[in-house]
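Some structures to go through are shown next.
Shared chain: chain A. Partners: chain B in the first complex, chain C in the second.
Right after this comes the complex of A and B.
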């Protein structure tokens, strides 16, 4: 009897654990919701959203390259502060911004950088004595620099994700002379990704709704692989249908360019300010190191 | 395997960002030649498929699940050049739409997952499956190919990360980017793919190839490429010539220590290691033939000998497996 009582809670816990189909459907649903939420954020009338897309993209690339060239933790912290300030000016809550940045990139890089702070990986003057795991000065500085660099870069990248609508991004890429065939493929890919994600979510929800047992690992694996094969079929079939639809609408092989904006004075002023800020950061960073 | 921003220094990411542009150009040109205007929806759907396949949780063992990249599968279905574009677009969308993978590291991520993986996977598949193999052999070939491809890509990613402390550090030795040397980064990346993600990739690829082979074998049919092995030989020759780079890495690879090195590192030699350590004496120990004094030449000779032995062995196994096999009708041209 004791044995049964001991085993029962474990069995119940196993039954209560969400099924594979549930977890996958939930994960995909969260991603779809994220895409929609990003579009909603990017549609707000904030500071960055008013800047012409091409200028916005160039400035973000400039910030990303600058963050990769900085050496001092202080300079990198300033880049993160800049990203947070731009996000706040663009009607993004700083708390959400920081939670996303530290939650997605920060925690992982802290775990990854921690061993590098010890003398096992980075020898040097000991800062905190912990035997074989003593923290060294170059180790800690290197770890802090890496964490701040990765988090600052993630914050800068998030400015694209949260303040640029997908169409604006495509327009920017088109204006930056990316071949139209690539822009068209990107545009179509984004729509098809969301469509396929919905299909896969529905497949998993359908399985979740009509199964009682969680199934064995082998059964679940066979089912997942079968659904992947279905997705391949659907992709190829849809590609043919899309092409037929393009032909039916008069597609003759030439790509229509997205409308190109001419930047206004304030857009160029923003780019100039971004350039000045990055140049100043580089000068301060190199000065701070001497 | 997605490398975020901040882990690679500008010397590395700039080279890979620039290097990927002509590769995309060649891929676009190759795809355009064979697929004409159908390329756009097919590439878009290939990218969408590549993106979505990464979202499936694949049960592996003991309740654990993993994700596949699917680059070898796409290369087998669409050809390696088409896979370059499809997987690249999926990675760009991931970076710009979801913030997964870096902006400056887009070149590196595309090189690892959209170039190394499809090409290693595709040509390994072609080598093992042949031009007209039976389904069982195609399935086995796809498994081996996808496993090798993801391991190869993980090693390349490990090298990119592992060279950072060598090429970017302050005067006091403080690393500026990824902090772990080659001896840590390469084994760390390779081992997780050798023991876990490689198997996930192989299981998924084999399963999907088997399912497609049963349902719609036309998707797996390929016209024999003009000279498919020519590029494989050229690539192998290039890799052999590059092997002396290994001499530049200081110390012994992580986990490959001799009994003596183990003793000096941890203060004792495990009993089992000291017992069995001397049972086998390699013909060319440490990739350095005894009669060659120059380590660079030794590495090169070891690479040539090793490659020749592996090719001979693979050739023998393939000849054994393909005895009496009939060719399938070729229908599609892979690019």
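Right after this comes the complex of A and C.
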């Protein structure tokens, strides 16, 4: 009889870094879960979720544009604080929100801005002495401003993704006079992407369930290429079928959608408040610079 | 209304015709030398409940697509409500609108049919494309959602729905068009037992309204439950049997030959149901 001691070394020998295919499928699975979690988050009764989608989209765009025009780190820090406050008021956990913002856009822009903080790129009074790579005051100030600007804008944009359902976003775009055919195409594209991601995940799980060894890199590569071709083929076939389904329900090339409701007075008040806040921030920013 | 071929057709008088569809010597092939339907002669009466049975790949779905004007015969003729159903005829906006408002198609895969951003838009899509005013569209959506008990799903994105919920929304998306003929491709696929019962109840309701239903399936239980008449397609893409469900399902040898039942299947006297008992060969 084979004992546990006989099996353990063999099992240990098989443990190695997951293959590219495995990691891709895992990532796809995580993305699907995120899409579904976002739907749940966006359906909550938070502050932003209660505002009419079109007004919400306009307000968030206004904040993002303002963040990109501000120059003072203090103004930008205030914008980031506003994003965090809006997140909290919209039942988004501030910690997850900040982790997501800093973990994606934050780290990326810090890496990009870091060289600009050194004496090599921005001469000036030395703040931290590190030889040729000494950090200068204007360099650090510039880098911090850039980082805060990107993080504030990204944080506000992330609020759209987290607090607005895809349907609401499409509805808002439609109300903002984006052509119906583009809105419908976006709706179908998103649905198809989720559907195809599910297919890819299932293909991978089906393979995993029938596979004992991880396989060689070449085998994995061949398998991934084969499955990519399958998914492309499936996507083309599905597109044809979806088009047939549209024709069957009377589509003749012109997309007709229901006219949307107009925003309520309260929603427009929020937009006015957002506009006033942004104007005040701009004025303070200019004042701080003088 | 004048057809592109010069003939005059008025589909609004459809009920005056004894038959919804007439197919004479219809053949269809997607690629040369690879037929999907061969020499089909078929008349489908107004208000009739027809089941098209056949194994996978026998041409059931293609036949439904022909009846919905999504593909066209390579040979033979097809008329719908007394008018030729051709690609040229469907180019005419008036004919197309009349035809699409009379014939609804529920696709096999609900995922294909649900392409809008939420269930409400799915239900509203058909009536909107037919040019109905927004208030009437909203009224129809509310009515169908209530009758199918899907009111709570209306603001959900299709990809967040379960298989049974998707099927309900897909059926609802066609019912809002209030078609006279309902085409359904393998409607009970992926339905759990409770949803299957619900589906049969929907069809029963439909039957009472006097409208036509044409269903393709290899589920013989569905045929027994709802069909006035059934036809059987074999793997050579021809109609090999036609009659009442009792007449067709009693032809055991034929059903075996067309791969609709297994040799271990049998019918119970009285209930008339065909089913299979698993057993082991000793």
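The rule is simple: the second predicted complex is superposed on the first by the 270 of 290 C-alpha atoms of A that agree within 3 Å, B and C clash if a C-alpha of one lies under 4 Å from a C-alpha of the other, contacts with A are read in each partner's own complex, and residues count from 1 in each chain.
Basically, a residue touches a chain if its C-beta (ideal position, glycine included) is under 8 Å from a C-beta of that chain, and two chains touch if they have at least 3 such contacts.
Nothing here was measured: the structure is a model prediction, and the numbers come from that model.
Trainee: Quick one: on chain A, after the overlay, do chain B and chain C clash, or do they fit? Just give me the call.
Mentor: On the superposed model, which is not a single observed complex, chain B and chain C fit side by side.
Trainee: Consider the C-alpha centres of chain B and chain C from the C-alpha centre of chain A, and write down the angle between them to the nearest 10 degrees.
Mentor: 90
Trainee: Can A:165 be said to touch chain B (first), chain C (second), both, or neither?
Mentor: second
Trainee: Hey, is it chain B or chain C that touches more of chain A?
Mentor: Larger number of chain A residues touched: B.
Trainee: Scan A:156 for contacts with chain B and chain C and give back first, second, both or neither.
Mentor: first
Trainee: A:38 in the overlay: touching chain B, chain C, both, or neither? Say first, second, both or neither.
Mentor: First partner only.
Trainee: Who does A:91 touch here: chain B (first), chain C (second), both, or neither?
Mentor: Neither partner.
Trainee: On the A-aligned overlay, A:105 touches which partner chain: chain B = first, chain C = second, or both, or neither?
Mentor: Touch partner of A:105: chain B, not chain C.
Trainee: Where does A:249 make contact in the superposed view: on chain B (first), on chain C (second), on both, or on neither?
Mentor: So A:249 only meets chain C here.
Trainee: By how many Å are the closest C-alpha atoms of chain B and chain C apart after the superposition?
Mentor: Nearest C-alpha pair, chain B versus chain C: 9 Å apart.
Trainee: Which residues form the common part of the chain A surface touched by chain B and by chain C?
Mentor: Common interface on chain A, chain B vs chain C: 35, 166, 184, 188, 190-191, 195, 238, 242, 246, 251.
Trainee: Quick check: in the complex, which residue numbers of chain A touch chain B?
Mentor: Answer in residue numbers: 20, 23-24, 27-28, 31, 34-35, 38, 60-61, 64-65, 67-69, 71, 100, 104-105, 109, 113, 116, 121-124, 137-139, 141-143, 145-146, 149-154, 156-158, 160-161, 166, 169, 179, 181-182, 184-186, 188-193, 195-197, 200, 217, 220-222, 224-229, 231-233, 235-236, 238-240, 242-243, 246, 251, 253, 289.
Trainee: Please name which positions on chain A make contact with chain C in the complex.
Mentor: 35-36, 39, 165-167, 170-171, 184, 187-188, 190-191, 194-195, 238, 241-242, 244-252, 256-259
Trainee: Under the touch definition given earlier, write down the residues of chain C that touch chain A in their complex.
Mentor: 65, 68, 70, 93, 96-97, 100-101, 103-105, 107, 109, 111-118, 121, 124-126, 128-131, 134, 137-138, 155, 157-160, 173-174, 177
Trainee: Per the contact definition, I'd like the list of chain B residues that touch chain A in the complex.
Mentor: 4-10, 13, 24, 28, 32, 36-49, 51-53, 55-63, 65, 73, 77, 85, 89-90, 92-93, 95-99, 102-104, 170, 172-180, 184, 203-204, 207-208, 211-212, 215-216, 219
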